[in-house]
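One chain, subunit A, links the two complexes that follow: it is found with subunit B in the first and with subunit C in the second.
Entry: the complex of A and B
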């Protein structure tokens, strides 16, 4: 129907449902923008692949669940990420596969019981909110991008993009061999530094960081995954001109996924984190492992950080990118 | 017949709106569907937990400040 914009409506908003795209808002660290984008970029990218969207199309990041939406024109949809009970017009929806939704269909997602915490919904055509700084992602800390810079709530109506040649009704699923492993006890691959031993932490401190089983703090969010306070020994007695505590350094930029040690508290910086600050970053999450941050439940999950080399991190990313390909999908009979 | 009030959110459960305030409800109080019975702090935000049923609070299953998981029963109602 020319001239008519396809839309969908939020019937129930849930804990925090935001519009995100991948890879988010790149190239703007100097302006103070972390990239935003989906916290679990693997599940998000799979969802787009399953509905035949361009990799840059925007979709929904659902936190925990309790979300419902009404899709007002026919569309292919996919629900990926944390296992959660989901229905389309009352019929059970299988995750990690394409589902055809007729006009007026209602998708309901219940509470994800764990493992996993975030669910991703792609709709063919993608969500056509305005582009800001090259991305449609919602940056929660800055309250901008996405839909009015905020989490979605009941009654919001969001426009969908056009699907070239119409939405494909080919129904496919991710092969079982390509499904990610979710856990309540996570192992996350990190690279050492930029500020580790011997200059800032002792060897024993780094050993403790990499061997301890850390509980995830309930106040973790898209800004950062807070772990537990830990009494490090520190290689220095203070922060010199940067401050009294040895975790202090002169303000510098933070890498996405940094394990930032703020006093005694390690915080892994998420996609909406701060771009710079005056605390050390003892380790950095490998890009191919970053998706795991999105699936950490804020109550009951634990994390172990496992050190890998830069070459191993590159290889993990090559493997992940290979998996995000048509060859990982199979037709549903 | 008894019913449970569940929290839809994981996090730290509070029975009062502020540390000095009276609890939202106590054992023996009547609640109606939609009434606030507690708060859950998670992701640096507070979310209200409301009853989805009518009844009288028999007892709370969690204490103020306890960690709760999503979908966990927090109070038993007699209706």
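Entry: the complex of A and C
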């Protein structure tokens, strides 16, 4: 194989299939770049683990499904995330486990019926698109990174990286006890702030934010999960120097996962969202819960925000990390 | 560290009062991977921006294991950290030390290039964005009456006519305090407080804005790097400030024209002239006029202070006018 670059080809691109890596593009926030990266970082990282890739390897994020790809050289692959019918050369593929694909194999993923919305595919060696700002992730809002800065379509040919020592043919799966729970009614852990009560919102407003069952708006995507308009009572009468509405503040940078209240509309900022602006952020999704944003279906799913403390967020981190360890995998037969 | 224990709540980790010429500090929870530190109160005061820039610079000079990156705002810094390597208490203690040790002696200079940018006011593209908004998003938006946002901004600031608004933008340098929202997008604030203007943002936001559009939101001017959604009131259009294809030498380094700390001086051109400049930019014939230099912080603040009485009178007149104008 010396001199040859392993590749795969997109046979069907689906709704929005992008190249992503974890943790995405860090260190460029001050220039206006949000990190991009997989919206469900748990399923993404699990797929890399199952094919023996480095944690930094790039893979595919598939939105909803209807994707097919042809793998030109032998590789280990894994399909994780939203349950969806999948086949390799016509044979059913089980999710959350390693699959061996011979050269010329065709992987087909159908529509995810729900619960869950995004499917992740890792291929041994990782996708070797150019690194931009320390990451291979596609930043859809900036049309940069990934493969030509865009979602993949039929006929695209993507290079694969080298697998040190050759692709492992050990077939393993995530233990059933470690599988994430998917739902149509999600509970997402958040930390209060940076701009909450008593200075911006009233206690009742925060209570409403945390107790309401929010419908996910159909216009949700990687830039943000839009919830429903809500009449907050606000602790201020206006935005002062920042504008007419009490949601307005002097512009500042936003944390990824912030619940940004834009006039009357709360929007949870996704990995491709705006990095800064002049609206309050009433709460911020815990890093270990961020993966759930990637599995929210924009039609019919609901969200409840549950407040946790910084200590509880660390505990969630530990639980997630334990599940992303070799010890969470078991050999298949 | 002299942390005040009052006014601490689930969203605020610590506060420090103003002392010896330094503004107060508020340390806010921004998820479990970042802290938002705000300086002073929510006032439109470039002195807070200079303080923030000095702190940001000092953070980068001193370095701290587990501190990933900083992202400024007008008077705040979002500090991202890796909680495996750095406890939030340690981070706040570090930020508190940086603030305490900051030596704000006179003569502080910040690197600040001066960019001369052309602007065509009330151009076809920004009018198209407003018309599209009226047709598709909101027909009765008070800020879009007459198919433009300029009438509204003029009325909101109590100005006599379009020319008075255009002159306010042309009559002062604007400081790019920080960048964000979108790659390369500058948050520009007037250096001369007499030429400050203000406007509420769109409600709801616009779905299309032409690249290079110049808009006003709150007290801040900005330039849209690419076609995008947006919420600022549009007054005109300038040359490209973002080109990842790097078709012009000005974009060779990063694809972004501007840096934090840069100053912008707009000058007026006609729309046909501007369209020609766009072609020249992409053909690499246009040379952006960029003058290397520094900004002396104390000199700026002394100058602004001399103008403050006049600026306050103008501000009060603006605020009176604004009370009679509906907010979108």
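Everything below uses one rule, namely that the second predicted complex is superposed on the first by the 333 of 333 C-alpha atoms of A that agree within 3 Å, B and C clash if a C-alpha of one lies under 4 Å from a C-alpha of the other, contacts with A are read in each partner's own complex, and residues count from 1 in each chain.
Here is the rule we go by: contacts are C-beta pairs under 8 Å (C-beta built on N, C-alpha and C of every residue); 3 or more make two chains touch, one makes a residue touch a chain.
The model shown is predicted, which means the values in this text are computed figures rather than measured ones.
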| item | value |
| --- | --- |
| Which superposed partner A:16 touches (first subunit B, second subunit C, both, neither) | first |
| Subunit B versus subunit C as contact partner of A:287, first or second or both or neither | second |
| First (subunit B), second (subunit C), both or neither touched by A:191 | second |
| Partner chain in contact with A:262 - subunit B first, subunit C second, else both or neither | second |
| Touching partner for A:113 - first (subunit B), second (subunit C), both, neither | first |
| Contacts of A:276 with subunit B and subunit C, given as first, second, both or neither | second |
| Greater residue coverage of subunit A in the superposed arrangement, subunit B or subunit C | C |
| Touching partner for A:66 - first (subunit B), second (subunit C), both, neither | first |
| Shared subunit A contacts, counted only where both subunit B and subunit C touch the same residue | none |
| List of subunit B residues in touch with subunit A within their complex | 8-12, 41-44, 47, 67-71 |
| Subunit B partner contacts - residues on subunit A that touch it in the complex | 15-16, 63-64, 66, 111-114, 218-221, 223, 297-300 |
| Of subunit A, residues touching subunit C in the complex | 26-33, 141-144, 149, 191-198, 239-245, 248-258, 262-263, 265, 274-278, 281, 284-288, 307, 309-310, 313-314, 317 |
| Complex interface listing, subunit C residues touching subunit A | 9-12, 28-34, 36, 38, 42-44, 68-78, 80, 83, 88, 178-185, 187, 198-201, 203-205, 217-220, 225-226, 228, 244, 254, 256, 260, 327-328 |
